[in-house]
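By written order: A, B, C and D. Residues from 1 in each chain.
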Amino acid sequence: MNLVVFFVVAVVAVASALALVLRRNPIHGALFLVVNLGCVAVLYLLLSAEFLALAQVIIYAGAIMVLFVFAIMVLIPGKEETGPDPLRPQRLLALPLGAVLLLEIALILKSSVFQAAQPVAPPPALPAGAGGIETVGRLLLRDYLFPFEVTSVLLLAALVGVLALAKRKAG
Amino acid sequence: MDAALIPLLPLLVVGGTALLVIVLDLLPPRDRKGHLGVVALAGVVMALLVSLGLWGREGRAFRGMVVLDNFALFLDVVICYAAALVLLLSTDYLRRNDGERGEYYILVLLSTLGMVLMAAAADLIVIFLALELMSLSLYVLAGFFRGRLAAAEASMKYFLLGAFATGFFIYGIALIYGATGSTALDRIAAATRAGTRDPLLLVGLGLLLVGFGFKISSVPFHMWVPDVYEGAPTSVTAFIATGSKAAGFAALLRVLLSTFKVSQPDWTVLLWVVAVLTMTVGNVVAIAQSNLKRMLAYSSVAHVGYMLIGVVAGGALGAGSVLFYLLVYTFTTAGAFGVILLLERGRREAVDLDDYAGLAGRHPVLALTLALFLLSLIGMPPTAGFAGKFYLFGAAVRSGYIWLAVIAVLNSAVAAYYYLRVVVYMYMRDTEGLPTGPAPSFAGRLALAIALWGIFQLGLLPAPVLDLAQAAVAPLLR
Amino acid sequence: MVPESYYTALSAILFTIGVVGVLVRRNPLVIFMSIELMLNAANLALVAFGHRFGAADAQVLAFFVMTVAAAEVAVGLAIIVTIFRLRRRLSVDELSIMRW
Amino acid sequence: MSNTVWLIPLFPLLGTLLNALFGRWIGRHAHWIAVPALACSFLLSGAVFLRVWNGETFRGDLFPWIEAGTFRTAVTAQVDPLAAVMLLVVTGVGFLIHLYSAGYMHGDPGYARYFTYLNLFVFSMVMLVLAGNFLVLYVFWEAVGLCSYLLIGFWYTRKSAADAGKKAFIVNRVGDFGFGLGVMALWVALGTLDYGTVFDEVETLSPETATVIALLLFMGACGKSAQLPLHTWLPDAMEGPTPVSALIHAATMVTAGVYMVARTHALFERSGVALDVVAWVGGLTALFAATIGLAQTDIKRVLAYSTISQLGYMFAGVGVGAYAAGIFHLVTHAFFKALLFLGAGSVIHAQGGEQDLRKMGGLAPRMVLTTITFLVGAAGLAGLPPFAGFFSKDEILASTYHRGRLWLWALLLLGAFLTAVYIFRVVLLAFFGGPRMSKEVAHHLHESPPVMTLPLGALALLTAVAGVAVGMPSTQGTAFARFLSPVFPLSEEVGHGGLSAYALLVLSVIVAVVGLLFAWLLYGSRPIKVEAIGRPRNRLHALLLNKYYVDELYGFLFVRPLLRVAGFCARVFDLGFIDGIVNGLGQLVVGWARSMRRLQTGYVMNYALMTLLGAVVIVGFLLSR
């Protein structure tokens, strides 16, 4: 059952990712990204990471993508990437290079993860409620308190940065 | 004060100052923000003094995610020097360019916080967050002069490429986590010592190197450097060139030397090649530049190549000379950019080689100052650049990397050409058109004086500082 | 039960698509979205590995990455808007006044 | 003694700082700082010399400089007889030339800048001589080079001057690259750079290692001392002010290579091969440069080639192991070549900047002092007794002969002949015969002011007496060699004396005199024929006619081919070939820079592509391990 769900979701995720890259219209791209992020959220659920799935939907779909769509609407309504592309031959170089990268990662995973994980029959299952908000929250505020604090500073920096760039001139 | 917080002291000072400046920014006066610069400077100097005062103490906090050791403290000093020089240079520069806003100081402090944190982080996720904190602030600072297309372009390029490199970096963290089940550096180290050579781990390291390579701007991840250095406000350029590089090297050294010590044979070969490429590309392309900021950008790439030699050489001498060189490089580069930043021709910043023609005739002291910084970049004694290069190349020779040292010496020989060209312009050309002159700035001159003191102090009496640098890397090599 | 290796394989594919997207597109917004795809793929890999170890740490790490992504988006979009204010066109290929 | 020694470089350094920082206000009074500074240094050097004479030596650290692990290097000064002699020469000749400059450069807009550089040079040169280890030597080796470029390009508004500075810089880079590698190799091999330790432990080096190190060091010497094939920069360096040519490009800096080889002779001896290379490079350069000197028309260029040639003699001397002879020639050369340059400067000054021999002539009656002193210098260079050059050159020739290097000896002897020819050619063309300059220039001809003629006189005196005073050969070697014997032990050959030594002495004189006569035949006889003797009846005239015939014959058989060879060497080999290589290298790098620069397209996509490429390569590499 899970396997079927995984494959369906995986195919959708890859397809939406490809669509994001291939579609010319950025609005469509943004929507495909939302689809992709949703798929990944489902996968998180499959991996019993409920909290993360939720966060994925709220942060990504809810906040980030809205910003994206907003920016796209403001900046370039409708069309984009028309006209001749002087760099097209170079762009095409990206494909083989990307393929090589994929091949390399696949090779590592094959030699490492696939080898190591497969024979050891059932992986140690997460304890009950491991993906729940309680476990994660405890980790977040106890073991990972320091990075958590750092993220707050990070968000502060982002805030100040955006203000610096977007604020109208004082006076 | 709670003893557990002592390892965080430098961080707290910088972070606290940042918060203070945020609050002060909201208070009047609204149109003049110079006092914020003074506050920020005081904070950075305080952090510098605190770091010096903590020298020799060791500690960890937050489950070992942050460490206090001499390594972190040495780099704190380097970073705080960089930040202090940049702040001194900034105040009048911002006012001249009509860009004086409180956010500038806040962002400089926040990115300094990120840098200091990178030096002290002992967990990949903390390194990642610190790196992002530093980078995000710098992306914005690079485009701080909103009215200038070049600044906006610099900011955009820096941001897109930085985020791209971050993607690789985080994937590397994921792979390393997959191999070891942890992001804590000591746990990873334990895993590398215990286990067989896991390709997952090695490749994870490779992807981390992409991220670090971007920050320290080694070939082939250096492409953004010239464009960003040219387009960004010069004070920010100086900060990117010194502070962020020091922070990048800090994390790189900690990860490579202490965590991935076992894989040393693997990454040494890699860095050997990268070092050669980096210094050669930097020096060769710098020859063809006529914009001084761009030339210094390529030169900074070349200097990263020199520093990588020390990483390759390894050991207390190799790593210690990298730290020593970082300090030297900070004084020298901040000084060189500082002179550029002070000079203007007409109402425009003097960045073209032609602007420097005949400078020695009218402003002998300033010209001599720039010439000294350039001589230090060349590695002419008795400036600090010589001592720094001597240690680096000497460490390479010591460790048996004779060819690396030979290539480096050859590179330095080539490099002398483009640095001296500026000197020739200043001393052996006559001005045509509008004269170039310095803008009045006491703080700027103070910064240059400090930088000059630095290159002579380190050039004439390098040994004590090298001893400190070697003591600083000792915790990593245990 | 789905083996973790499947997830990691999927994450590798998504990561690569993201990388290629950065290289083949000209619109900074789309490039940026491709970078989000890369981060997302990294997160997937993290969570999958975490599942293998039976630890929830990875989820926390992924959460941090998300936060960083959010902060990046805010700053990135602000930068893009700044450029757009100066010049009413938006293609990274036209952003090459500084070169050589 | 320690305090005194450090004061010697301190004074010129102070002079530099004062003139550099306050040059704008000091302006045309710069010499009131620079000249006394040198005078103080000179007096102190004299004091130090006397103490060394009494058998004292000194070695001390100023401060510990660079330390790395077990490696420690301090800024060390070492004063032994060799250093004492060099100090005296550098500060003495330096002082005279500073004095002369005050007159020569009078009114130049860059007056203060000039003295800044000149003082800086003397400081660096003194430190180079005092250096007690290879690192300090290297540092000041570079520093004197830097001063040299600055001074060559002093009149930067002249494009040729700027180009010459650049050329000197590039050519010297090649040599210094080798030198730097040599110092590094030495460090790798012995783990120390201290003179004393290195020379003590030199026996532990294998001869092959010693050869590599010595040859690398010699590469630097070739660059600095303008030996084949790195000599091309020196003639161009004549674009600098003439006193600079005298001080840096004749008397002191260019001899640094000779000094270095002599100083590190233990290393070269350990190698053996390297010493032979030094000797042959020196011998070939001596002859080669002398032939070119014959064909030049610019008075300073003749002197420049002459310097290259004389440096060749010094290298030949040290190359055969006659270190004291080589250094002695260095000293006498410093006197007479500085004298010749300053004399030439006086001539150029008088003629308002004209350097072309073809536009001179007949200056003798108008510039008596200059003429006399120039003649003394020429005699010194040509090796006519009793002038200093005679003793030192003969010392080198005799050493080569006694050590069985007959071919080398023959080369040098031929060179000595040519030396006499070209220098008297200059004398005859410039000072005698009919004036060929324009009326206006002729009208303004004047003897130089005392501030310029005084140094001329002093140097002429030195040239005249130095040889007799310390260079008389005896069974115990010359007095000079005995003084240096703590550094260079007296070798047995010198003690032999014997018949052959006197024969050689006489032979040297004959060669020089024949050269002189030959020059006179070529360049002195014709005007005399025209003006002094009108009718072809008397015997003198017949003789002259006869000589004229010989001249033609020689001209046809020997001189013209020689001139053609010389011209060919100058054009093709000298300018074309070697410059071609140097320029070619430069262009290669610059061309490479231009094309690499194109990679930096400004497109984000390209940059990202490079990043990806890097990632793919790194991952691939690590995967393959």
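Note that in this section a residue touches a chain if its C-beta (ideal position, glycine included) is under 8 Å from a C-beta of that chain, and two chains touch if they have at least 3 such contacts.
Please read all numbers here as calculations on a predicted model, not as lab measurements.
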{"item": "Smallest number of contact steps required from chain A to reach chain B", "value": "1"}
{"item": "Innermost chain by mean C-alpha position", "value": "B"}
{"item": "Gap in Å, rounded to a whole number, between the CA centres of chain C and chain A", "value": "6"}
{"item": "Whole-Å gap separating chain B and chain D, where each centre is the average of the chain's CA atoms", "value": "44"}
{"item": "Chain centre separation (chain A, chain D; CA means) in Å", "value": "71"}
{"item": "Centre-of-Cα separation between chain D and chain C, whole angstrom", "value": "66"}
{"item": "Touching two or more other chains - residues of chain B", "value": "125, 129, 132, 136, 139-140, 143, 146, 156-157, 160, 164, 168, 175, 178, 199, 203, 226-227, 288"}
{"item": "Multi-partner residues of chain D (each touching 2 or more other chains)", "value": "597, 600, 602-606, 608-609, 612-613, 615, 619, 623"}
{"item": "Residue list for chain C, restricted to those that touch at least two other chains", "value": "8, 15, 18-19, 22-23, 26, 28, 31-32, 43, 48, 50, 52-53, 55, 57, 64, 68, 71-72, 75, 78-80, 82, 92-93, 95-100"}
{"item": "Chain contact graph, described as a line, ring, star, complete graph or other shape", "value": "complete"}
{"item": "Interfacial residue positions of chain D with respect to chain C in the complex", "value": "597-598, 600-605, 608-609, 612"}
{"item": "Sites on chain B touched by chain D in the complex", "value": "156-157, 160-161, 164-165, 168, 197, 199, 202-203, 205-207, 209-210, 213-214, 219-221, 223-224, 226-227, 266-267, 269-270, 281, 284-289, 316-317, 321, 364-365, 368, 380-382, 386-387, 390-391, 393-395, 397-398, 402, 405-406, 409-410, 413-414, 416-417, 420, 424, 427-430, 460-463, 466-467"}
{"item": "Residues on chain A engaged by chain D in the complex (per definition of touch)", "value": "87, 90-91, 93-94, 97-98, 100-101, 104-105, 107-108"}
{"item": "Residue ranges of chain A touching chain C (in the complex, touch as defined)", "value": "2-3, 6, 10, 13-14, 17-18, 20-21, 26, 29-30, 33, 36-37, 40, 43-44, 46-49, 51-52, 55-56, 59-60, 63-64, 67-68, 71-72, 74-76, 80-81, 85-87, 91, 93-95, 97-99, 101-102, 105-106, 109, 113-114, 117-118, 122-127, 130-131, 135-136, 139-140, 143-144, 147-148, 151, 154-155, 157-159, 161-162, 165-166"}
{"item": "Contact footprint of chain D on chain C as seen in their complex", "value": "19, 22-23, 26, 28, 31, 92-93, 95-100"}
